[in-house]
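Two complexes follow with chain A in common, the first pairing it with chain B and the second with chain C.
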Partner chain A sequence: MMKTIRLAVKFFSKQKAANLLVIIIVVLMLYVTTIAYNQYNQIFGSYMYFKDTPISQSIYFMGREAANTENGSLIDNSYLDDLLPLTESQNNIAGVSSICAFSASDTSRDSGFGLYMYDKITANTLYNGFSLQGEWPWDLPLLSPYPVVVYNGAESRYKVGDVIELDIYAASPLVSINRPVADRHVILSCKVVGITDKVYPFAISANTKSNFADTVAGMFSGGDSEKATCVFLPYIDSIFHDYRFASDTMLIYFKDSSTEEDIRQFQSQINKYGYNVRGSEILQATKKEADYQFRKNFFVFYTLSGLVLVSLMTVSFLNAKRLTRTIAIYYVNGCSNYKAIRIYLTYFTGLYLLGFGLYYAAISIQHLLMSGSSNFMDNVRSYLYAADPKTAAALGLAGLAASILFGMIPFWLIRRKSRIQLVKEN
Partner chain B sequence: MSALLELYDLNKSYKGSGKSGDLHVLKDISLQIFSGELIAIMGKSGSGKSTLLNIIGCVDNFDSGKYLFDEKQIRSLKDTALSKIRGKDICFIFQDFALIEEESVVENIKTTLYFDRSVSFLKMRRMAVEAAKKVGIEDILTKKVNRLSGGQKQRVAIARAIVNRPKLILADEPTGSLDSATAQSILDMLKDIHSQGTTILIVTHDRDIARQCDRTLYIEDGRIIDTVSK
Partner chain C sequence: MKTLFLAFRMEWSNRSQFFIHVSVLILVLYFTLQYFGAYYGTIYSSIGSQIYELSASLTSSVSNDKLRQIESLPGFQSVFLTAAETAEIDGHTYQVASIVGQLSSSMQLDGSDFSESDIASEKCVMLVPYAYTLQSGKNIGDSLTLNGTDYQIIGTVGESLNGYFFVPYTTLSKSFTPLGIQIALDSNKISQEQYADAAVKAGEILGVSIEKRDFDQEFSALLQTRKMESIFYFSLGTISLLFVYSYILFQRQKRLAIYSLHGSTFKRLTAILLSGSVIIFCVGFVIAYILGRAVNGFVFSHFFDYDTFALKWGDLVFFFVITLSIYLVVLFLYLRRFRRTSAIGAYRRKE
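Now for the complex of A and B:
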């Protein structure tokens, strides 16, 4: 092995300019692919996630934008008195979502975190496929201490079996301290029944006030909560009834057996209460937007990737042509075909690993700088440069396979020439 | 003396290279070479002598016949086994030296050792220095080959050929690119190596060289037409 490595190093030192070019090309190839991969996940991620969920058979509803001058709230949700009985009277409605965000603190630890409260349908939609240690709380009896699932975020604060005394208060930005609502504060004893290692990237609190939700990401607005501790609690009607629609948005889920006509008819009945749109339409809009972004961004990706691979092959060809005479001399002096390929592969893998190391360092530094930046746009775009070790390793292996393939083709083509002829060429 | 290599009815053609189809370059060649012999092969250009040398050196194959080297059937051996013979038992010296120009003298001498598993990485340099001493180039070990004269380059090539103590050295016009004084010194060096027991086969056009060998084979049109022993 020492000898093979030494010969590979000789190859490396023989072709400094060509090697530098190969390294630059490898860095570029991995860099461009990472950005494209992250962009693809971002664009298609939410569509792929939600396309087969009950959201496709739902209506997204927002109350009309109007302030309640009596209690100071920015929203007037008096229409709920009519809308909720209407939904309850419909046989083809499976449920109404409760996806309200609260703020909470652990009274014993004096630490704050996000509290998300969901009904069972929404919870199943959002956590479908998530891994869990313990069990989900939505099917458990809703008795004190109330079952919760925790996402520990950056710290490992809680484990299954812990009891948390939660000091909960309504935290919708639309119900601010300046515009308080009566009795918005409650202390609740909860028991951790499950720990999840993942949190949905959108914070799942439909607490923005808008008359239009164009994509599913827009429905579940919010920031990246990956580092924050989150507690997920089943909706408890007896406690949270008054806060259920503090955010003024809801999803009305229809049963699978409902027809287009049923849904359209219901929409015509609720038009007077606020803006509403079919979940399937939002999914379609999401897909359309994703397709558009895909075409726009991936044209650049494909063009760059093509250029990178052609450059790699050209450089490899020139490189291999110069190395072929050396390999032919090795052959005459006792090197087998197998050994020649091993030397070339060791050389090329070393070259690739150098490129990979440079790429990983560069993209990690860029991600670190952008995610820690005070510039909002840099911060938002930092996801493009995220390369966790697993993804980077997979990408690296795929890149290595592509590089070897493109790097070896010229090598094989040149090797077809008689070796003894090559040895005699000066 | 035992036969180091034996050829029986060896034939070799290059497909589609001749005016009327295949070019039959070696025709029913039968030959025995004994350990310790110094043999010259003479013939006009295109007579087939280099092809014969390449087949003996296991860098080219043949169409029919039998080739035994050290009692091993060469035809039945796979590439890996052939490469062991090339690196360990048979070494080449070429007219144009076939050295890696941008590398140092010592690295060029070590070339065959890189492919011999029985030689450890650490032992390689010592063996290369020993070989360099034998051909009188021990003071230029770190020099790049592209800075050497023709005579020095051929000495490097000879050092590379003898470094692993092969049984057979195949020299293809080893003095062809050298002036007569240098050529004679190279030939003296080969004779010295031969005197230590190595079998040497020299392809040459030079009658003076042939005269200094134990045996001369004359090849014409792919056949051995004459053999002259000293």
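Now for the complex of A and C:
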């Protein structure tokens, strides 16, 4: 093995300029592949994420336009008094979403953070397929200390098992002239039962009001940044009943057994209360938008993959071909074909790993700089340079496998030639 | 001629290298041109298809005279007039508006538009938002009372105009108080220069100051959006070409050494390599460009209904000069190295 490595290093030390070019090509190939991969995810991400969730069997209710009320500033939610009992009277409705966002603080640590409260269906929808360390609070009984899941953000503030005394500032933007709701502090004892490494603290957007289907992105509005700590708590009706809705928008979920006709019939009953759209239509609109964006950006995927493939083939093939004379001398000196390939693979893998290390360091630094940049365009496009270790490793391995495959072509081409002939030709 | 003949012989005697060289060159140039062609095309079309929207608040009615002057401007598309009056129906607020000129496709008109006679006779007809018909249960053909007058619904408009009831502009001028005006000029119909001038002229008619659009500046700003990705992309194409080219040149040093030993001067060797490279590059560039046009024209526009490939002559010359220069820099570096080595050394040197 040591001999193989020594010979591989000898390959490496010869023609430093050519090796440097190979490393640069590997770095650039991985770079542009990451850009294409992230762009594809950006286009189809939200559709893929939500397509098989309860949103497909739901009605997105958006309420009335705020400007239509008498004083033009407060939302008239009197219709909720009729709408909510109507949803409860229907057997085929699985539930109505509860999505609230409050500011809260940990009384013992004197630190503030965002607190998000969801009902079980919405929580399972938003956190579809995410990774969790510990338990899922929505599967546990709602008893004090109340189970919460924490996203630690930039700090490692909480761990599973911690008990937090939360001071929650409960306020409802959805107030009416007829039924005003005063803001109040709620002190709640909570226990951290789970830690998540993914933040998705979205609230339903209060801005979208129309009978036309918007995309999923239009349904939700963004939450805190990736660096901030967030706590997620199951909705507790007995305490937060007055603050159940952060806006007059809500998702009405239907049971899987509900038919198209059931949903349409219910939709016709609630038309008088405000704007509403089928969740399936929103998903269709999301898909349509994603398809349009893909078509519009197809040239990026097409040309990037084309150029990466050409570069990959060229660099692997010519690099192996460049070394065939040395390999031929090894053959003459009694080296087997298997050993020659092993030396080449050790050399090329080393070269590739060097390129991969440079790529990962460079793209991580670039993402960090762009996401923290004050330049708006850099900030917006920083997602293109995000490479989490798993994705980067998968891309790197795919590239290495393809490079090795193309690098085997010269070995395959010379397999029938006599060793002397090889030395003479080269 | 002799130089060209020797260049040809050099390529002919290294046919497999020539094949690799030309194939990679064409493919790299093709994908690079395709990327930048589509990217530039997207920017050109986004600037080109823009509508110049000029908004102003009105203190009095816009005279028919002024509307005629605005209508005669090159690239004129429409005037959007809004009235001060709003209508409260079933808890929703609607603004009364009117459009002079061509309806945009985004209006999603269903039913019929106002006829010439509707406009001339200031008829009480109306286009309502589709969302309104869903909320109210009213349909095309039904009547709607506004400010004590009955209006007949003759069509519906789509989501982007959810808050408006449309009446003929003559009806709006007669029965309502005009509040605001938006003029839309379509750059697809006229040159960019005419388009920018027409907007300034429209501003003069309305007594509003309009700054002339600088298309070059807008193009540069849009070019910045993919700046980093384009740099990486261009670098990958360039370095790949350099790798192939340096490999080919390295492989040919033995032949060059033979020429040198037979008395060829360094100048002659440079001429042989330069003429061969430039010819190959020029032919490769032309093939790559034709391939790009063909793929976009036949494949993309047929299967994706989307063909934005657009490079102006200036852009093409720019790409040609830049890529050729990089190509020649490698040749120069190689020749410098070759000159420092003795012909015998170069002949004997294998790796």
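Convention: the second predicted complex is superposed on the first by the 316 of 426 C-alpha atoms of A that agree within 3 Å, B and C clash if a C-alpha of one lies under 4 Å from a C-alpha of the other, contacts with A are read in each partner's own complex, and residues count from 1 in each chain.
Heads up, the rule we're going with is that a residue touches a chain if its C-beta (ideal position, glycine included) is under 8 Å from a C-beta of that chain, and two chains touch if they have at least 3 such contacts.
Not measured: the values here are computed from a predicted model.
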item	value
First, second, both or neither for A:302, with chain B first and chain C second	second
First (chain B), second (chain C), both or neither touched by A:326	both
Between chain B and chain C, more extensive residue contact with chain A	C
Touching partner for A:10 - first (chain B), second (chain C), both, neither	first
Contacts of A:338 with chain B and chain C, given as first, second, both or neither	first
Touched partner set for A:37, first chain B, second chain C, both or neither	neither
Which superposed partner A:2 touches (first chain B, second chain C, both, neither)	first
Overlap of the chain B and chain C footprints on chain A, listed as residue numbers	14, 326, 426
Residues of chain A touching chain B in the complex	2-3, 6-7, 10, 14, 326, 329-339, 419-420, 423-424, 426
Sites on chain C touched by chain A in the complex	20, 24, 27-28, 30-32, 34-35, 38-39, 42, 88, 91-93, 130-131, 134-135, 158-159, 162, 224-225, 228-229, 232-233, 235-237, 239-240, 242-244, 246-247, 300, 304-306, 308, 350-351
Chain A - residues contacting chain C, complex	14-15, 17-18, 21-22, 24-25, 28-29, 31-32, 35, 64-65, 67-69, 76, 210-212, 271-272, 275, 295-296, 298-300, 302-304, 306-308, 310-311, 314-315, 318, 322, 325-326, 377, 381, 384, 426
Interface residues, chain B side, partner chain A - complex	54, 57, 59-60, 79-80, 82-84, 86-88, 91-92, 94-96, 98-100, 102-103, 107, 111-112, 114-116, 121, 160
